[in-house]
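Shared between the two complexes below is subunit A, which has subunit B as its partner in the first and subunit C in the second.
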Partner chain A sequence: MKRFTCSGCSLLCDDIIVQSDGLFISEVIGACLKGKERFDLVSAKNRIISPLIRKDGELKEASWDEAIKKAIEIIKNSSIPLLYGFSNVSCEAQDAGIKLAQKIDGFIDSNASICQGKIFNKAKSLGINLTTITEIINKGDLIILWGANPAETVPRLLNKVLFSRGKFRMTGREIKTLVIVDPIKTASFRVMGVRDLPLIIEPNKDIDLIRMLKEECCTANSIPSQGVAGIDKNDLKRLLLHLTGAENGVIILGQGVIQPHPDYDLVEELLELLQMINKRQEKGRISLLIMGGHFNMAGFDHVALSAYGVSGHLEFKHNQMVKTEDTLVSKIEKEDFDSSIIVGTDPISHLPHSLSSKIAKKPLILIDNHSTATSHIADVVLPTAITGIESGGLAYRLDQVPIELNKLLNPPNNLPSDEELLNQLHGLLNKGGSE
Partner chain B sequence: MEFILNSMRKIDNDQAKEHAFGTEQSLEENLAICFINPKDFEKLKLVSSLQLKISNEEKYVIVKVEKDDNIPEGMVAMPVSIWSNRLSVVQNNELQTKNIVVNVEATHEPIMKFKEIIQELLVKK
Partner chain C sequence: MELYKFLPKTNCKKCGKPTCMAFSLDLLQGKVKVDDCPPLLEPKYKKQYDALKELLGSEEGQQKELKINIDDKLCDGCGICVTVCPVNARYCPSSLSGKAPEYPPEEHQLFQVIGGKCELLKIEHCRRLDAEGRERECRVCETYCPREAVKIEYV
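So, the complex of A and B:
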């Protein structure tokens, strides 16, 4: 039995007990449903353990030599490749992906850019500090989930930040207030107690609530008697009291707040509210935590920042980084790419059809460990070891804390890690494309 | 009838899990699905043998529909999947996966199959 870090989601729980003889995992204790699934992935029914190549319209098993040759051929025939994914791989693999992008003059981006990375960059530009899980456990007295449903995305987050006893919060749950702002009564509402504040907001009306709170915090002194955005006046008063009276509050932001709107930027307005509250706060502060799904969603920005001084997407021309106004979405929308290398993600499922259909049209190399909608479309599928179980490496937890992941088992068929495979492609391209 | 579509992560309707562990049948059962308020279920004159056709300017999908008290009236919620993303849109270079205006109607047509969607994409290759 040993203590092990789980790579089932971006919480990277380091308190999982695993029993293994190095060949099989016989017991996993303490993991949530997502964590359990991560360990089960080792022997999943739809695990890919041999390379696949599309021949006559059908994906067929191929040798590694054949598959690598085909991948190199696609890369060499491409002048503007798109590299995307990288949130389900280690930081070392992210670094190898960036180096490959540089070598082949590609545009590289991670899932974070269409997810929580958007909040991260805005918070950074506004100078807002992010908090850590430990800080919330030790000091937090107010937890606000805004457009976030951790019960179904990061299942143990609430166990850790809401129910645990911290150094300065020895009474634990009893003195912590949970506020949830969401148009849907999600599974996260089930943990709420009598002193918590469930706020079912009308869909697409978050902006009205934020603007009212901004006004109340700074200038006016009256809440509309009819309430705002479907939230009743008394609940709004309670929310204001919590926001301005908390010693150590945290707003946990989820996917619900990053939706675009033609007339305003919801995240920016929400972060401005946070700044206003902190200015007005006399005894405490409100900080921010950004929820991410994939286990290393936060890592890519750190790697890109360390290597090139830029967080988010990178574009290379003549093996040099160039400034770009483009984003992943604009690149795909304009079809400004002629092939794609997808690493550990499933854009055919998670991007709008208008974009996924454009990815599907061009040659596609997929590096992943199990079947997805993208694997059904790919021209070459290169399977890899499962990071955090069959290979190690660094990952950044959702609160931007680096955590080392360890290897527990050898991968089937001696599958390479994502890092090894990306480095192999890079090495072969250096040698002109053949071994 | 006009509704607002919200796609959301649901642990019991998770695309990564279905792709890794499921079959094509379980994929369709758990992802080609939407949830609406019971009052809307009645307004749409739905019965268990009918499906819901959800459409916007982008595309349409036909999915199974279930009642859910937690979904507000006027909203249709779908788990994030290849089905829901046929209706998600790009706005100012950003993805919009929630608060999408859609039309919904009851239909006898069968749910859209995974293979059908993949085939539509492969044709373009």
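So, the complex of A and C:
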């Protein structure tokens, strides 16, 4: 039976069996709860299937022409539009979004910039090697989860990297050692065996552990007897042994390490530690896997890189890219924008109130497929097809591997895909500009 | 040895074995039953008899029925049980590398993730019923479930 790629999370499992009659999905086999929910979205109650516009303070259904006209009006009346989102859409739509931003002199950014994009950029500048899932399945022998809880965020990740048997070794769980560094005992701790190393660290003390390991890697055998950051001395010795003895280790970084701190950069110090270990190691290496949430979180950096040579946010003035020091957060904080186009995300519930209230004040165009907190305050809501089920496209998996998503069903009301809609807006603005 | 502790230790040979030690070894392998030891049935050894019955509950499949319960509220369909189950691994090659097994399922297959939840298809081929020796004590699905949704019980 043909296997289908799931777009529920950034793992993009390509082994899902979907039974469908072309109109509805009857059975989803192999997908986790997160994936099942993505497939359920097709006929979910909170799905938006017709455009909405705000009239006299209330959101009302409107025709496509009306809604698009209103959207164009908002874009034309604004000088610095903010384009944000783009992690729940295909790479093609991200490309169309960048083109639209160029046309309207906007500032474009994706969810990755306040999430995992930071680690990707740091790893690239430091030259840390990234690894792929297949590589870990086949060769991995040490898996470190630092501030990551895949058992609850990316459910099938542990199944794939820890329990699967590789091609060259017919053993799975037996040869792989799991190390978890986390301040709380998460669900991922429950898969640990006797040989594994659970490290419950005191909150905000990660930096002490990293700095100690950095010293120890060079001098060895002077671990403080009282331990570091709430971790026992013997556990530290075992950790050092694992770090320096692994042949094909992988460190999986999650949301826990990306919180910014005024005095130091945790991600940078952690990656420098990896670099140090890899330099000292003769036979092995430790590589990096970035655990994102949204299914195409890694994609925007790649699209922006191939289009403009810059990963992360882009700013345009007079249809040209300009160098900018601004980030999404500083841009919103300074209120240096006068309208926003949100694509496939929900900043009103994701961002803190100090930022989301500033977004809510300005005119907002939302391009999404289901109702969220953002859709309730938007001025125009343009519904689209669900990428990965109702429209195809390219998406980058969490290990930076491009995977092609396929179309399975036709969207209700002939909804356009994100890419088509963004291109339509771009085309209409082009026409308006020449008149 | 644990079983031996609860036997009368009189070496009375009423069960047909030379010593109580030999009886306990056979008991462990499931060759004899607790009821085969006549002195144990006497009221004097009632306490030890009950303790033995409880200890051997898992070995005596005829008296208690094996149940693998999967809590639907806790399960999130990660598929770890599908991958680690040795019976699944033997009969569904795709589950070896963490992939979802074929559908419709293979005859021997125990677990399959359907609609985001793990389902127990059939229990007949579970190692606890269908294997010999140490393999009968298999508990991997219960041990490695990160949500503690899988429970092996005898009812």
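One rule holds for everything that comes next: the second predicted complex is superposed on the first by the 430 of 435 C-alpha atoms of A that agree within 3 Å, B and C clash if a C-alpha of one lies under 4 Å from a C-alpha of the other, contacts with A are read in each partner's own complex, and residues count from 1 in each chain.
Following the convention adopted for this analysis, a contact is a pair of C-beta atoms (placed from the backbone, for glycine too) under 8 Å apart; a residue touches a chain by one contact, two chains touch by 3 or more.
Note that the coordinates shown come from a computational prediction; the quantities given were computed from them, not determined experimentally.
Visitor: Using the superposition on subunit A, tell me whether subunit B and subunit C clash or fit.
Guide: fit
Visitor: Of the partners subunit B and subunit C, which touch A:I16 in the superposed model: first, second, both, neither?
Guide: After superposing on A, A:I16 lies in contact with subunit C but is clear of subunit B.
Visitor: Taking the superposition as given, does A:L158 touch the first partner, subunit B, the second, subunit C, both, or neither?
Guide: In the superposition, A:L158 contacts subunit C only.
Visitor: First (subunit B), second (subunit C), both or neither: which does A:G284 touch?
Guide: Neither partner.
Visitor: One more residue to check, A:I137. First (subunit B), second (subunit C), both or neither?
Guide: Only subunit C; A:I137 stays clear of subunit B.
Visitor: Classify the contacts of A:I377 with the two partner chains as first (subunit B alone), second (subunit C alone), both, or neither.
Guide: first
Visitor: Check whether A:G245 is in contact with subunit B, with subunit C, with both or with neither, and answer first, second, both or neither.
Guide: A:G245: touches no partner chain.
Visitor: For A:G227 in the superposed arrangement: first (subunit B), second (subunit C), both or neither?
Guide: neither
Visitor: Go through the superposed model and pick first if A:G57 touches only subunit B, second if only subunit C, both, or neither.
Guide: First partner only, subunit B.
Visitor: Put simply, what angle do subunit B and subunit C open at subunit A, by C-alpha centres, to the nearest 10°?
Guide: The vertex angle at subunit A equals 80 degrees.
Visitor: More residues of subunit A in touch with subunit C or with subunit B?
Guide: Partner touching more subunit A residues in the overlay: B.
Visitor: Which partner chains sit in contact with A:I29 here, subunit B, subunit C, both or neither? Use first/second/both/neither.
Guide: Only subunit C; A:I29 stays clear of subunit B.
Visitor: Taking the superposition as given, tell me the minimum C-alpha spacing from subunit B to subunit C, whole angstrom.
Guide: So the smallest C-alpha gap separating subunit B from subunit C comes to 8 Å.
Visitor: Jot down the residues of subunit A that show up as touching in both complexes, subunit B in one and subunit C in the other.
Guide: Shared contact residues on subunit A (touching subunit B in one complex, subunit C in the other): 33-34, 37, 151-152, 155, 187.
Visitor: Please output the residues of subunit B touching subunit A within their complex, sorted ascending.
Guide: Touch list, subunit B to subunit A: 4, 6, 8-11, 15-17, 19-22, 58-59, 69-72, 74-75, 77, 80-82, 85-99, 114, 117-118, 120-122, 124-125.
Visitor: Hey, which residues of subunit C end up touching subunit A in the complex?
Guide: Interface residues on the subunit C side: 75-80, 82-84, 89, 94, 96-103, 112-117, 143-148.
Visitor: Could you please specify the touching residues of subunit A with respect to subunit C in the complex?
Guide: 1, 13, 15-17, 19, 27-37, 137, 151-152, 155-156, 158-160, 163-167, 172-173, 187-188, 190-191, 193
Visitor: Give the list of subunit A residues in touch with subunit B in this complex.
Guide: Residue list for subunit A touching subunit B: 33-34, 37, 40-41, 44-47, 57, 114, 118, 149, 151-153, 155, 183-187, 189, 200, 202-204, 255-256, 259-262, 293, 327, 329-330, 333, 346, 348-357, 360-361, 370-373, 376-377.
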